[in-house]
Amino acid sequence: MYIEGIANPDNVQTVIQRITDIEYDQIMDSSFIGQMISDNEQSPFPQLMDSERPDRVSSALIEGKVAIVCDGSPHVLTGPTTLVEFFAAYEDYFLTWHIATAFRIIRIFAVMFSVLMTPLYVAVLTYHYHIVPGDLLGTLISSRKDIPFPPILEVLILELTIELLREAGARLPTKIGQTIGIVGGIVIGTAAVEAGLTSNVLLILVALAALASFTTPIYRIGNTIRLLRFPFIILAQMWGGLIGVVIGVMFLVTHLLRLTSLGRPFTEPLFPPRWQDLKDAFVRLPFNLQGKRPIYTSSEDQNRINLNKTKPKKGKRK
Amino acid sequence: MNRQQKPDITQMVSPFLLVFILHASQIGEGILSFERQISKVAGYDSWISVLLTGLATTIIVILIWRIVSDNNDLIDVHSEVFGKVIGKSISFLFGLYFFSVAITVLRSYIEIIQIWLFRDLDVTLFLIILYLLILYIVLGGFRIVVGFAFFSVFITLFLAIFNYAAFSNGYIDNLLPILNSKWINIIKGIEPMTFGFLGIELILIYAPFIHRFKTGLKWAVIGNGLTTIFYLFSTLAMFVYYNIEQLQKITWPALQLWKVIDFPFVERFEFIGISLHFIAIIASSNLYFWAGTQCLHRISNISFKKIAILFSLIGVFSVFYINSFLMIEKLTTFISKFGVYLLFGYIPLLFILRTIVQGGVKNKHG
Amino acid sequence: MVNFKKLLIFLLLLLFLTACIKTKILDDIELIMMFGYDWDASNEEYIGTAVSPMYGSSEESDLRENTEYMARAKTIQNINSKIDTQTANPIEIGKTLGILFGEKLVRHGIHDILLAINEDPNIGRGIHLAIARESAESLLKSTMITEGTLPRFIEKLLKNNAKTNVPDMNLHDFNYRFLGTGMDPFLPIIEATSSGIELNGIGFFKKDKMIYEIGYDQFFEFKILYTDCEDHTYQFDWEEKEQTIAISSISSKITKKWKNRNQVEIIVKINGTLTESKQLGIRSFKEKAKLEQAISQKLKEEGSKLITEFQELEIDL
């Protein structure tokens, strides 16, 4: 689905072309299509926006994107999309722009925190005792004094526990699921600390990191973020602490730079830098500054405010 | 003539990004240690040398814009000026030079990591993973290389902020009186300083990858200016913080300075600084690596990928040859000498030769 | 599928290529908090004392306990490895808070030790240096009840006094003055008394040897001549009236005027609050001017006395 006169015909052509090329006997859900037509199937990052909210999809259409609706599926794919768009909740547009901007920045900070916090813990405790402030040193050492595992194992155990809780909660009916989350979180956490299996400092960090990873508005990228930290933890252990984490970050940045969404760069508006599009990326500026459609959709009609043109027709295609 | 066909449009970048490309290729390991070398020559006044070098390199940048025009690069210019065979062999030398810079930059930074962080680092294995990273970036094409450089610039700018510590604990009187040393010494200081500005010569290779290359001159000059300001700030900070005698004894003044930076949540900032600066090193090494590969790819028609893989293997095996601090020091001095002659000798020469040849061609037609 | 294979190989490489680096897990190392060095003249050896805190399972309870290790050797590195033979975990010197030099050592010269310290990238530059009266060993081994551990106490003592009584002097400043031309370093002197540890002098170096020291009475004159100070107290004996008054919250500012190549005039402007001066009863501007006159006269005398002393000993400041 797209809006003629706004959507770039190239994008439409790409989508149609790729969908026609699909050969598979069963398409249960739009996410099947999403995986099959994405530019790089090996990437853990979703390259098409996936939403079940009509408001999100309609606004994507108006921005000049193409939407893919699948029969029998509540999810609609829209593209081309960018990385920062995954961290924008649609509620941002319902709030005044200062508050929305603050929330977006908090969300992006949360993502970084979630990916990097536990690897940094491993890095610092395993290699870089130098950078621990003197006053914190006592706390850290005494909390780790009786723990038999090296930091890497300690972190992996706790991270896996959190993943287990999440997975168990997701499989059970909602009511029990919530209970499992709370009971498991509190009981297992405290018990692990009391038993001397993990340090309480780490417990706080892991819990915060898990919490932070749930702030992403799109579920699919939340999964990616949660799993991303495992390679980072391993790199931090194997590649020399901070250097390892930095190498990991470099690989990640390169990977993101190489990704495309329907042939458009995925990291836009950061790179290639488009100052125009920053208006709705990390910050959400007020509506009177949002007069243009995003550049990366290369929309045929760049202006959102234009009274002279006839109303564009809606075309529906699968 | 073997004219280059226009590169893939998706790999081209806008001229505005020249600021970042230039800055990223210029900032390497040198930023951590150049103060020692320039202050050896010109004392407290060597910040004037930094300014002068910035000025001189700007002239070279303008010359480069005269040498390569729309859609041709160094290889075209070489074959135009020297003929096919000699031109190609000179281009080949250039390619080798770019590779050796890429290898040296990386290797000398690993030396820092070895000294400061991990005495027992296994360099070979470490290099393997780094060259994997470089291959991953370089094979993505010029756009990815530039993207990486773009992000690295923010890292270096972020790190530069932390030199503020010098001004809060330092002795501003050190800089006074101005012009205490002789002019000749200040001018001599340009030579060691030029090492920090190397990276300009890469424009000769990536020129065809810039949209509307001709309009890029102002961005390149701004990029060079940014580097000058960057170095100037760093020099002033170090001179305020250290005295000359001390600077001579310290190999990496900036790292020593970061040692005193403490925050409530982090002490000993140099460990974070070294790790983050690694991004800048990879970015600059990447650009050289890409340029070397592109250079050889253009003269030999072997696929870009094969050359890149071959040279990353050479890079990994170079560890057996470059295995001591002295060797690295020697290589760095050699490359910096070579770079100076290249920048201030060869490029003006090429410009003159090209003007003569073009004039000759015109006369023939006329 | 080719792509998939490549990815797999790549991931495996990532997993199996380890840098083989020795780990330094925080709780499996012996963190040395403070070093003390002494000189044994008869054997021409350094005596190194290292203090590391014993962390208990809770922060408050056992933190006061320290363990001290001692070793003698001709080089600093050797001292460290000798200490290593006495500890359960490998020693790490990255979080050293300060280094003390024994009195004998500073009279002998600390050039070699300084070189060794500066060489080691593990050691910070903001650490505090001080001279220990008599020997560093006995000071570090003294068992007195202090706030926090002994090294932390000494560090805080030095840091606190660097703000008020003596000019700031950390490893970087020491190097700066040690290596720079026309400058000589100085260090605070601390001494273990029956009740605790006190800072009771400043030792002045010529090159790397201590040759002169001043006591608490001269701290103020030295500090205002050396640097701008912010919060200082001065006790002034007004001989004419046979009274002692205190001036507190002094802030001073130095301006230097070069008279000619070999002569410099140091002008110090001092601002302060008179306290404990009730019995003096200053009521008029005249009396105030008189007092100011007297104070500046006194400070001038003492300052120039200090300066002549330095000039005679050829200590540059």
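Each chain gets a letter, A, B and C, in the order it is written, and its residues are counted from 1.
Here is the rule we use: contacts are C-beta pairs under 8 Å (C-beta built on N, C-alpha and C of every residue); 3 or more make two chains touch, one makes a residue touch a chain.
The UniProt protein names, listed by chain, are A = Spore germination protein GerYA; B, C = Spore germination protein.
For clarity, every value in this text was computed on a predicted model and none was experimentally measured.
Chain contacts in this assembly form a complete graph, since each chain touches every other chain.
A simple rule picks the central chain: find each chain's mean C-alpha point, then take the one closest to the mean of all protein C-alpha atoms, which gives B. Taking each chain's centre as the mean of its C-alpha atoms, subunit B lies 41 Å from subunit C. Centroid to centroid, with C-alpha atoms defining each point, subunit A and subunit C lie 50 Å apart.
Computed from the mean C-alpha positions, the centre of subunit A lies at a distance of 35 Å from the centre of subunit B. Within subunit B, contacts with two or more other chains are made by residues 118, 121, 126, 129, 262, 267-268.
The set of subunit A residues touching two or more other chains comprises 127, 130, 132, 134, 239-240.
Within subunit C, residues 14, 17-19, 21, 94, 124 each touch two or more of the remaining chains. Against subunit A, the residues of subunit B that register as touching in their complex are 13-14, 16-17, 113, 117-118, 121, 126, 129-130, 133, 136-137, 140, 143-144, 146-148, 150-151, 262-269, 271-272, 274-276, 278-279, 282. On the side of subunit C, the complex with subunit B involves touching residues 10, 13-14, 17-22, 94, 118, 121, 124-126, 170, 172, 175-176, 179-181, 183. Contact residues on subunit B toward subunit C in their complex (touch as defined above): 115-116, 118-122, 125-126, 128-129, 132, 169, 171, 242-246, 249, 255-256, 259-260, 262, 267-268. On the side of subunit C, the complex with subunit A involves touching residues 3-4, 7, 14-15, 17-19, 21, 23-27, 29, 31, 53, 55-59, 63, 92, 94-95, 97, 122, 124, 152.
Across the complex, subunit A meets subunit C through its residues 42, 124-127, 129-130, 132, 134, 137-142, 144-147, 150-151, 231, 234-235, 238-240, 244.
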